[in-house]
Amino acid sequence: MSRYIVKRMLQSVIVLLGVTAVVFFALNLTGDPVTFMFPIDTPIEVLEEYRATSGMNDPKLIQYGRFLWGALHGDFGTSHYYNQPAMQVVLERLPATFLLAFTAFLLALVIAIPTGILSAVKRNSVLDSIVRFFSMLGQCVPIFWLGLLLMLLFSVKLKWLPTIGSGTWKHLIMPTLTLAPGTAASITRLLRSGMLDVLGQDYIMVARAKGIHNGPLILKHAFKNSLSSVLTVLGLQLASLMGGSLITENIFAWPGVGQLMYNSILNRDFMVVEAGVCLIASFFVFVNLAVDILYAVINPRVRFE
Amino acid sequence: MEKCKDIFRSLVRSKTGLIGFIIIVTFLLVALTSSVITPYDPFEMVLRDKLLPPAWAAGGASRHLLGTDQLGRDLLSRLIYGSRVSLGVALAGTLAAATVGILLGALAGYYGKMVDTVIGRIMDIQLSFPFILLAIFIVALFGSGLRNITLVAAISGWVRFARVVRGEIMSIKESEYVEAIRSLGGKDFRIIFQHILPNVVSPVIVIATLELAKVVLMEASLSFLGMGLPVDIPTWGRMLSDSRDFMQTAPHLTVFPGLMICLVVLGVNMFGDWLRDYLDPKLDTNQ
Amino acid sequence: MDRDTVLSIESLTVDFRTKFGVANAVDKVSFSLARGERLGIVGESGSGKSVICKAILQLLPDYANISGAIKYEGRDISHYSNRQMYGIRGKEISMIFQEPMTSLNPLYTIGNQLIETIVLHQHLSKAEAEQRAIEMLKLVSIPQADERLKQYPFELSGGMRQRVMIAMALSCNPNILIADEPTTALDVTIQAQILELVRDLNQKLSTALILITHDLGVVAETVENVMVMYAGQMVEYGPVRAIFHQTMHPYTKGLLNAIPKVELEGQTLESIPGTVPSIFEMPKGCRFHTRCKHKREICTQRCPELCDCGGGHQVKCWMYSEEWSK
């Protein structure tokens, strides 16, 4: 087991290195970052001086090394837009995105788990057809359209909820309702197919033959087995919500990391972009690792191999 | 001929597949004949008629079936024109993703070991970036416009193609079938072409169809954020973005463009699902 | 009858509703099982032998139609609700299946799965159930029983897993154990061990046994009575000696001739020509007539009636009816 964990951790480290490399070189090789950091009419001498003092005339690899070293310490330089350490700017926005992502994820789970299970157990029934249609629909509806429609209905027409911003639980409702359906649809489909797979297995028939009641049969025997196959993707869904809530944050002016990334890219605030992307990617990698380890814990066979 | 009948019969039996097919064909026809069937010029601004609601609502006019936008442009015409844009971009993007993906997947599958590991790591790194972030990152770096959107589609979409192609090649490479051919003196290159590629065609077609839907969504998302195609080209995503300022007075500007996107994506997905069930039911399209 | 009847199947018919039509898997089969009796049901794949046993425990899919009576200890359980069946499955009638490798849930320990059944049916405390589980493992000759409880299925070999299945099935003292091809997926040497184990347990615990197999050799040493099935129908029934030495039905004779025997070295192995008819297109009259070298016109017209030939030996074949010798 420990050998497996070590192997996965090593892989994760390599992936993270790759991520930082991509971020750094992509930003640095496509146009001179320095020119973007200052107003257009700044004299060249000022730019040159800045380059010399901030080490930007050194070979790229050395700059990358410096960047990497800084990154390990959480130092991504200073945001020229906010005049604060870049990472700090990102971290300030993190809780808002966390809140939104987790709430949407929980809502999605609450909808998807019973739906997916029931749909599989009552295969080919009317309920199953309805569920399958809606889960397909959920993955096809554009998030930005859904968000705007909700805004149209609840804010503009009914005036029940505030349009944009954050601060009260009322502000959380629409963004959550916008993000949840897509994720719920994916999870439902996955769970349904996972359950169908498991329900066709021999050991389920054997359990029935032993006299196990339907409830424990589905929950204890079938669900746990299908969960282990679904777990990896569940983790990815959560991580994806974290990084992918950009559009929702944009529509509802939710002050999260996604909105920050969008603005920073527009403002050419590269330090903040580097910090944000590295953070989100690290989160992805971490969630992946955690899910793989969890999978090994649940499925004893993986431990022994 | 028999195969065509068989395909048709299966399509008709699957209600969702049929509906999806009809939707796709409808949009294709609309896109292809757009220059002919638009009631108005999509770019023509008649400020006198701005923000008219759809014909059936109060204040609407029958000459503008779905109403007009803030610059007096006929909504229906712009929607029709938008279908041409969306489908064009979707096709270009999917083709790009498929090309890159098949190539890299083939390399990884055939040469294995180092090449495979490197490509695998690239996949991992790429998957660590959330999709939308990756997209705007690329657009911010390289600019917007059709060429770069195609690039974005290629970069975000190649992985699924590569996985499938790599899988097929690896499984066939090791199969006894190929070993038998090799021992009889068959050349590797021919083996790939004659035996591996035909197996790859079905899953690739299925994935390409589903990828088409994704690219439509992606282009719409980017246009919505103002990072897609140039401003003067009407795309559904951009229309949605513009509608935000007029939600109070002209909700139809929000409802219809989004509806179009939703319908196209739904249609393609429904058709893609039927296609997968017909061609290659064991294909895992949930990655 | 010196022992009383624990199971009585009366004219059991099972049909499956499919999109290609109605398929008949079992056609008016009747037999009975006495307490502690060992019965073998022999037939090829598709003969309906598994379907009968799954029908007894109501393990068939929704699209199966059962008619006829399944009487367990006098009560007709064929129309029991699922709830009522909970009290039968695993407790009164147990079943073990062919594939030991996939019959156990890979995510739970052996102990967990054994104790689950015991606690469910016998309402013992967890500690008492654990004791009983260890007893059962010892009964099926699994060494180091208490350590085994904590092991996962993948840590055990096929033969061991099958023993665990048997232990699980017998843990609640059922009156009937149905074994559906329990040794087909195992090595020959293990086969013999498992069959011997099953026979021993039958004698120790007086649990009636229904052993399903396609291999006549397997039944020879293990059962008292044999029922031969073909294409969903019973074609011959009798004590095992009678089936082997006074074989009556041409199909049974064919099966016996197909067993390789050392004494016949050098001679051609006989096989039954033709194949089992499609489940959707059963021939009219006797279902075996298409492959039978003795067939006459009456065989293609009417389904043979059951002929009782004394000593508990029965056969469904026109050759043994009065009309034949005319």
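We just call them A, B and C in the order they show up, numbering each chain from 1.
Following the convention adopted for this analysis, a residue touches a chain if its C-beta (ideal position, glycine included) is under 8 Å from a C-beta of that chain, and two chains touch if they have at least 3 such contacts.
Note that the coordinates shown come from a computational prediction; the quantities given were computed from them, not determined experimentally.
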Shared interface partners, meaning chains that touch chain B and chain C: A
Pair exhibiting more inter-chain C-beta contacts, A-B or A-C: A-B
Chain centre separation (chain B, chain C; CA means) in Å: 55
Distance from the mean Cα position of chain B to that of chain A, given in whole angstrom: 22
Inter-centroid spacing, chain C versus chain A (mean Cα positions, whole Å): 54
Chain A - residues contacting chain C, complex: 201-203, 205-214, 221, 224-225, 228, 298-301, 304
Interfacial residue positions of chain B with respect to chain A in the complex: 16, 121-122, 124-125, 127-133, 136-137, 140-142, 213, 217, 220-221, 224-225, 237, 240-241, 243-244, 247-248, 251, 254-255, 257-259, 261-262, 265-266, 269-270, 273, 286
Residue ranges of chain A in contact with chain B within the complex: 11, 14-15, 18-19, 22, 26-27, 30-31, 133, 136-137, 139-145, 148-149, 151-152, 156, 186, 189-190, 193, 233, 239-240, 242-244, 246-247, 250-251, 258, 261-262, 265-266, 273, 277, 280-281, 284-285, 288
For the chain C and chain A complex, residues of the former touching the latter: 57, 59, 82, 85-91, 94-95, 97, 99, 102-107, 116-117, 120-121, 152, 154-155, 165, 168-169
